[in-house]
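Each structure below appears as structure tokens.
Shared between the two complexes below is chain A, which pairs with chain B and chain C, respectively.
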Partner chain A sequence: MLIIGELINGMFQDIARAIKDKDKSVIQKRALEQVDAGADALDVNCGPASAKPGSDIRWLIEAIREVTDKPLCLDSSKPQVIESGLEVLRGKAIINSTTADPEKLDILVPLAKKYNALLIGLTISTKGIPQNKDQRLELAAEILAFCSQADFPVEDLYIDPIVLPVNVAQAQMQGILEAIREFKVISTPSPKTIVGLSNVSQGTKSRGLLNRTFLTMALAYGLDAAILDPLDKDLMDSLITAELILNKNIYCDSYLDAYRRK
Partner chain B sequence: MALQLATEKWSGEISEVIIGATKDEGGSRKSVVRIGGENTLPFLFNEGKIPNPVCVAFEVWDTAPSDWPECLWRAFGKSLNDSLSWAKKCVEEYKAKILCVRLQSAHPDFADTPPEACAKFIAGLLNAVDVPLVIIGCGDDAKDNLVLPAVSEAAKGERCLIGSAVQDNYKTLVAALSADGHNIIAESPIDINIAKQLNILISDTGFALSRIVINPTIGALGYGLEYAYSIMERARLAALSGDKTVASPFICFVGQEAWKAKEAKSEDERQGIIWEMLSAAALIQAGAGLLVMRHPVAVEKVNKYIERLFQR
Partner chain C sequence: MLIIGELINGMFQDIARAIKDKDKSVIQKRALEQVDAGADALDVNCGPASAKPGSDIRWLIEAIREVTDKPLCLDSSKPQVIESGLEVLRGKAIINSTTADPEKLDILVPLAKKYNALLIGLTISTKGIPQNKDQRLELAAEILAFCSQADFPVEDLYIDPIVLPVNVAQAQMQGILEAIREFKVISTPSPKTIVGLSNVSQGTKSRGLLNRTFLTMALAYGLDAAILDPLDKDLMDSLITAELILNKNIYCDSYLDAYRRK
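Coming up: the complex of A and B.
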């Protein structure tokens, strides 16, 4: 599965401070830690405190590019910030993210095509967060329809069902998991699926356990990608084990170690 | 409309193992043999690169193979009684590109030949022929741990392929081969999980994964061939999907298994030859890189088969 490291985010105080002080070393260290722990790509988010996200994201990208060539996941709700990042990014980009709103799709789908980027589509719209599986599927269908009309390759589209905290929306968890499976059947070829994992445990007292249990279950429902904390070793062990049980890798006694050598 | 073939793009690649070292490379071989290096399934030339054709090694023993069937004795004649002339016959008469020598006489149940004598024999063999060597111990772990390091040292710089390391006995051999610059055979009992684990154990010692050749253990036609085939196929699919721990070329001891079959010991000597050929042909399709075979006619036919398959 595609593992996107979530730790370069201005929400974290040390990252916010590094962005403010333009201290590359903090960013580069965090980038390498995540890659060493198994991240296939790195999320890059300037955070709410950034006054100039358009230039901050460029600075972050350039700092990270000095130490790794891994794909970068440009994370902003503002399309112009993402575009600013795409302009300087060498290598593969993941756009994080569009919603099902036409005004967002209109800008971001052509950008994804232009830069040959992967695109994350959130099943959310100006009407708000979906309340059940059917609403999620409806929004996913809207994103898919827009992408296929625009000739954007569906295999490069990652649909996110929007994972809500378990202490906020416990009744929706089953539907979110089922949506992951059903996103696959609404189009051929199928889109990929992704979750922002840590949200499931937001505001709870057992974050690690909730994260790894939800991820394991989501993998069983066919999840393709997740934005998560790769430095959480228990989480990564669960992920590797879940993939093993799903026959994605060949078992051996040192399978955890074997996976980490990939 | 022209027919469009669906092609697969793999992310992994099988490591290329070079057996033998020429004078320029610190050895004394006239040529080297390369196996592996492909990044697609066998013979899908349109999907990726397959740089090295499958290679056949003649099996030679350091002692007369008393239990070999008559048909094999008839093919080689008296040369089977003298290892050096047997080896020379393979190279000069049958044009072997590589030999696989089994140090059977070292086995406590045979002549219990001491390590120094085995080392001397290998040195003599390296003088007598100029092709690369695969060297196999006698199969007794305790004895092989004495014999193979001595042999490894005697062949230092010749970049042989030496085995076999098994899950419960690999450290001594790995240390010796590492010091002397050889490749290693990692043997598992028709078990993909153990094959993977052994590769990890060997590479944990610092020995490069790219110098390992997997002996998956095979069965001949009618004796588990399809089981070996499926294990090899599974490992190969995983390797091409990016699992480096199983991305090693395969060596298959076809002759040893085929001539054990009761069908191969038929009065009609063509039957044994066919048994060895057919077992080899299937294993080539499964992804074997190096086949160890016995009967010169079977080798000749299989080489022709390989040549035709590689005409693309």
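Coming up: the complex of A and C.
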């Protein structure tokens, strides 16, 4: 399970302010907290208020690199912002993200190849958000076909089914879970799968419970990676326990502590 | 989801003492607590210390029937104890349980038919506990074939994959989950599926967390029923939330309370 910490994002007020004031200490503290809590990689997003996202993402990357070598997940809807980050990043990158649109794939797949980066592919296009499992599978197939033609290694591709909030798309949740399973069988070798977890509970009043319940179900369906809040201890307990049940870590009475010390 | 409360069982000291002393109030209190917490049915088991299980189960049934009309799940490895209970039970019965052994099926399937009872079929036989998914499916097929020949309605059959403790059978857990899904496709109409949940955490130090994580995963695999502790609020929260994600109940901000009031 690849755990990507979601907390370095300019949509959070303290991060937005740190970016504006160029206050490294806030960013570095949040980076280390997430790594200590079990994050394998860190998402980096300048947020909607950034006027110069290209230089802001470089500053964030430099700040984080002073305290950790973990892979960084460059998160922007603008390919040029991601490229700007890739140019300065030392170590592994995850590109977050391409859509199924050719104009995005045309830029981001070659970039991922050039920088030997992992690539997140959202099953979404300019035509809109998918409404059911079949539309998700079609969009995944388009991304897979493009990657295959471009000789991008499918094992480095993480397909995201687009998790919608349960309070607006309740009837789609089962299809989203099934898509996670079926993405793995539409190509050999299989792509990996990822979710942006917190979306599932957006606008609800039981966020933690919904997040950890959905994550547990998605893990049962074979999920490989998630962008989530690793400081949510109950969420991490559920994740560690689900992986234990799936035989990914060896049982011992203190398996929660053992996993966290690993 | 059929929730069967597990707490009226002579393996618990207070219940064993109440059976011995013929103290109805303890039994009736435990019955009502479980119903209030969301149990749809109540398991009734005299426990290993009962010298006269046939008359003890009748006494338990009579005591419970004074306070609730919920279906009762007559739990004994001895068919004659179950029959003794069926003879006095008013209302719906669940027979817990037959194995795949012909000598059990020969008695319990006709009894289930006679009393219009639901029947739990364990995928186990005198040959031993199944070691993998295929053995579970084979035993389920044997139970299904017997029921079909005896004209017992398959929709009233609940197949139990035999949940083993994660600390002794970690490598089998994924196969147990997959068996839950596959039991549904080996027969048309499909049988239902059930687990004795607490087994999964037997002998471990994180019982609640393991129980609710496994239950959430099993629900994602299509589980229809579970024998569990409905007084474990965190477990019930997980169950309600998993069912919400699976679109079994309609979302509202106070969905946990709404479910409990239903």
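What we mean here is this: the second predicted complex is superposed on the first by the 262 of 262 C-alpha atoms of A that agree within 3 Å, B and C clash if a C-alpha of one lies under 4 Å from a C-alpha of the other, contacts with A are read in each partner's own complex, and residues count from 1 in each chain.
We take it that a residue touches a chain if its C-beta (ideal position, glycine included) is under 8 Å from a C-beta of that chain, and two chains touch if they have at least 3 such contacts.
All of these numbers come straight from a predicted model, not from anything done at the bench.
In the superposed pair of complexes, A:T213 makes contact with chain C only, with no contact to chain B. In the superposition on chain A, A:A258 contacts chain B only, with no contact to chain C.
In the superposed pair of complexes, A:T188 makes contact with neither chain B nor chain C. After superposition on the shared chain, chain A has more residues touched by C, the comparison being chain B against chain C. Once the two complexes are overlaid on the shared chain, A:S25 sits clear of chain B and of chain C alike. Once the two complexes are laid over each other on the shared chain, residue contacts for A:I250 go to chain B and to chain C alike. On chain A, the surface touched by chain B in one complex and the surface touched by chain C in the other have residues 250-251, 253-254 in common.
For chain C in complex with chain A, the touching residues are 166-167, 170-171, 173-174, 177, 200, 204-206, 209-210, 213-214, 216-217, 219-221, 237-238, 241-242, 244-247, 250-251, 253-256. Within the complex formed with chain B, the residues of chain A that make contact are 249-254, 257-258, 261-262. Contact residues of chain B toward chain A in the complex are 192-194, 196-197, 200-201, 234-235, 238, 242-246.
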